[in-house]
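Both of the next two complexes hold chain A, though its partner changes from chain B to chain C.
== the complex of A and B ==
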C-alpha cells in the first residue's frame, strides 16, 4: 500500500505535565472515513488538538508526506489538516456567510467561489440562511455551518470532533449522509464520536480509545461483531 | 439661540470625543484590554502633529495621516513586544501594565517636550462662518468630519474587509480563529496599532482645539472609557454617538451649572449607565 495520508506512530501528548495520550498509533488513508470512538475523557479531543498543533506532542506525526511536529497551528491548517472542533465554535455574531468566509480566510487561490458553491450544494440550508447570525441557529444548523466552514478551507483531511453531540437522531442521520457525500468528493474524514452506533454506520475503519490508548482497531464490520466492543459500546440490543 | 449654539458646540466637540474613545473601544472589544495608556497615545499623537506643523511646516490636517502612520507603528510595536505577553491574562495584569505604560509615556513626554502648554495654531485656527444665526468654527467642524470619516473607515474595515472579519472572528472565538489560521499575536498587534492610530488622529485634532500638555492623557483616558461604555464596543458609529452625548452633556453643564462641573456630569453618566445597563457595558465586539 502507498503511504497513508495521515500517519501517527507512538504519539505521546498532554497538557503541560499531565500526559493524556500514550504510545498512540493511527493511520488514515486517502478516500477513507475513519472513526475514533471512546467514552468521555478517553483523549479523543486531545488527539485532534495535537494534530492541529495546538498542544505539544512527541512521536511520529506525518501528514501527506510531511512532518507535522515542527509546525504551528497555521502550518497544519494550511497543509489541509482542518478540524471541526467539539461544540462547533462558530463566530456567533457573524453571519453564516461570514463564518464560511473565515474558513477560506487564508486562501489566495481562485477556487474559493467554487468551493462556496460546493458547500451550498452539500448544505442547501446554509444557502437559505446565509444572512443569518450563526449564534441564532439551531444546533444542527450550527454543525452544518461548522462543517461548511471547514470545507471552505479546501481540506485534505476533514477532522470532526463529536459531530452528533446534542443533536436529534434524525439530524445526525442527515449529517452522516453528508459525510458520505464529502468522502465521495474525495475528502477523507476522521470522525471522533461518542455515539459509536452512528459512527460505525458510516465509517470504513475504527479505533477504540480508552484512557489515552488505542485498545481496539480494525474494519468497522469486524469491530461491530467483536464481543468486547459490542458489550462496552453498542449495548446488548445490537 | 444660546442653547442652539451650545448644542452645536457640544455636537462638534462630541464627535472628537467619540474619535478619542473609538481606538479604546476597538482594543477593548477585540483584545479585552482596557488600555489605561490610551490617553497618553492621544497625547503623543498630538505632539507628533504639533512638531510636524511647527518644525516641518506641514499643515496639521495633512500631518494627521502622517501622525496616524507613526502611531500605528508605535502601537504595533507596543503590542507585539510588550502587551502580547499579558494579553488574555487576568484583566488586572493588563490594567497594571497599561497604567505603568501611561506613567512612563507621560514623564518621558515631560522630559522630551517639557511641561509647557502647546497649541497647534494654523492660520485658520480662529476662522468661523455663520449658519442660520449660529457660529460654526471651521477647525471644530473639520475635526468632527474627520472623526465621522474615521469611524466610517473603521466600520468598513470591520464589516467589509477580510482583515476586519478576522479581527471580529478573533474577538468572538479565539479558539476557532486559531484553528482557521489566524495568527492572534499579529492580529492583536495590528488591532492595537489601529487603536493607536485613531488615538493619534484624535490627539492632533485635540491640539488644534485645546492645549497639549504631557499630563493631558489621564483625563482623556477616563473620558474615553466613559464614552466607550456608553457607546458600546460593537459599532463605531455608536461610539461617535456616545461621544456626542457626552459632548452635549458637558456643554449644557458648563452653561447651566458651571464649567468646573463637566467631569462630574460625564462620570455621573458612567455610573448611571453601569447601574442601568451593566450587560451592555461589558458586551464585546
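== the complex of A and C ==
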C-alpha cells in the first residue's frame, strides 16, 4: 500500500502543562472514511485541534507527505486539512452563499465556481436556501452548510467534529449518506463522533479512544462484534 | 441604485474640491474639520466596522500623529511632509505594539483595555521635554486654509478608496469573518491576529495623518487636546450613525453629524451637546444599522422601515 494520507505516530499533546493525548497513533488512507469514537473527555476534539495546529504537539504528524508540526493553522488549512468544527460555527448573519464563499476565500485557483456547483449538487437544499441567513436555518441545514463551507476549501481530507450533535436521527442518516457521496468524489473523511452506532454505519475503519489513548482499532465490521466495544458503546440492543 | 453610488461619490468629491474657490472662510474651516472627522470615522471603520472590534484607542494614533508632526517641525525645523511621515511611523509602531497584546482580548474586554491608552499617553507626553511637557508645542503659522482643505479632502478620498478595496478583497472577507465568528474564521484559515493587528495599523496611518494636518492647521498641540478620548467617542458615533462596515456610511454619517452639531451650536450654543445626544438616541432607535442601510433601501423606504426597527429591537 502506498503512503497513508494522514499519519499520526506517538503523538502527545495537551493544553499548557496538562497532557491530554498520550502516544497516539492513527492513519487515514486515500478513499477512506475513518471514524474516531469515544465518550466525553476522551480527547477526540483535542486530536483535531492538534491536527489543525491550534495546539502544540510532539510526535510524528505527516499529511500528504509533508510534516505538519512546524506549520501554523492557516498552513495546515491551505494544504487541504480542513475541519468542520463542533457546533458548526457558521457566520450566522451571512447568507448560505456568503458562508460557502468564505470557505474558498484563501483559494487562488480558478476552480471555485466548479466546487460551488459540486457542493450544491451534494446539498441541493443549500442551493434552494442560498439567499437565506445561515443563522435562521435548522440544525441539520446548518450542519450541511458547515460541511459545504469546508468542501469549498477543496480539502484533501475532511475532518468533521461531532456531526450528529443535536440532530434528529433521520437528519443524521441523510448526512451519513452524503458522507459516502463525498468519499465517492475522492475526498477521504475523518469523522469524530459520540454516536458510535451512526459512525459505524458509514465508516471503513474505526479508532476507539478512552482518556487520551487509542484502546481499540480496526475494521468497523470487526469492532462491531468486539464484545468490549459492544458493551461500552453499542449497548445490549445491538 | 448600487451602480449609481460610485459615480455619485466621485462627483461629490470633485464638487467638494472646488469649495475653497467659492465658499466663505467659515465654510472652508467647517469643511476642514468635517473632512478630518470623516477620515477619523472612516479609519475607525476598518477595524471597528469590518473587524467588529470597538476601539477607544484610535485617538492615541491621532495624538501620535499630531506630536510626530509638531516635534519634527518645531524642534528640528523639518518640512511638514517629513513631519507627517514621522507621525505616521510613530502611530504605526504604537498600533503594532498596542495591538499585539490587546487584540488578544475580545468584545468588551478589548474596548476596556483600549480606554486606558489615552490617559497613559497623556501622562507620558506631559512629562516629555521634547514635546513641550504640559505646555505643548506651537507650530509655525501657515495661513492657507485652502491647502489644508484640499489635503484633508485628499486624505479622506485615499482612506475611502482603501476601505472600498477592503470591502471587495480577500482581506476584508477575513475581517468580516472575524467580526461574525472569530473561531469559525480561524477554522477557515484566517490568521486572526495578523488580520486584526494589520487592520489597526492601517487605521493608525490615516488617523495619524489627520492628526498631523490638524496640528499644522491649528498651530498648537498640547497633551489634553492630542490624546482626547471624546474625539474617539465621536469617531465611533459618526461611524455607527452612518453604518459600520459599509464604504460610504461613515463619511455620510460624519458629514451629517458635523452639520447637525454646527447648526445646533450656532443656534443654541450651550445646550447643543444635549440636543446632539438626543439626535444620536433617535438614530439608534430608528435606524440601528446606520444611514447606509436607510439609503440602500432607496425608494422602498417608508415609515414602516423605522417602525420595523423599533419592533425588532423590542423598544
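Here, the second predicted complex is superposed on the first by the 238 of 238 C-alpha atoms of A that agree within 3 Å, B and C clash if a C-alpha of one lies under 4 Å from a C-alpha of the other, contacts with A are read in each partner's own complex, and residues count from 1 in each chain.
The definition used in the following text is that a contact is a pair of C-beta atoms (placed from the backbone, for glycine too) under 8 Å apart; a residue touches a chain by one contact, two chains touch by 3 or more.
Since the model is a prediction, treat every value here as computed from it, not as a measurement.
*Asks:* Mind checking chain B and chain C on superposed chain A, clash or fit?
*Replies:* clash
*Asks:* Given the touch rule stated above, what does A:54 touch, chain B (first), chain C (second), both, or neither?
*Replies:* The answer is both, since A:54 touches chain B and chain C.
*Asks:* Which of the two partners, first being chain B and second being chain C, lies in contact with A:111: first, second, both, or neither?
*Replies:* A:111 sits against neither chain B nor chain C.
*Asks:* Tell me which partner A:169 touches in the superposition: chain B (first), chain C (second), both or neither.
*Replies:* In the superposition, A:169 contacts neither chain B nor chain C.
*Asks:* Looking at the overlay, does A:153 come into contact with chain B only (first), chain C only (second), both, or neither?
*Replies:* So A:153 meets both chain B and chain C here.
*Asks:* Under the stated touch criterion, which partner chain does A:90 make contact with: chain B (first), chain C (second), both, or neither?
*Replies:* After superposing on A, A:90 lies in contact with both chain B and chain C.
*Asks:* Under the contact rule defined above, give the chain A residues that sit at the interface with chain B and also at the interface with chain C.
*Replies:* The overlap between the chain B and chain C interfaces on chain A comprises residues 52, 54, 73-74, 77-78, 83, 85, 89-94, 101-103, 105-106, 149, 153.
*Asks:* Taking the touch rule as given, give the residues of chain A at its contact with chain B in the complex, in rising order.
*Replies:* 52, 54, 73-74, 77-78, 82-83, 85, 89-94, 98, 101-103, 105-106, 149, 153
*Asks:* Would you mind writing out the residues of chain C in touch with chain A in their complex?
*Replies:* By the definition above, chain C touches chain A via 170, 173-174, 176-177, 180-181, 183-184, 186-191.
*Asks:* If we count contacts the way the header does, which residues on chain A are in touch with chain C in the complex?
*Replies:* 52, 54, 72-74, 77-78, 83-85, 89-94, 101-103, 105-106, 149, 153
*Asks:* Could you list, by residue number, the parts of chain B that touch chain A in their complex?
*Replies:* That would be residues 162, 165-166, 168-169, 172-173, 175-183, 234 of chain B.
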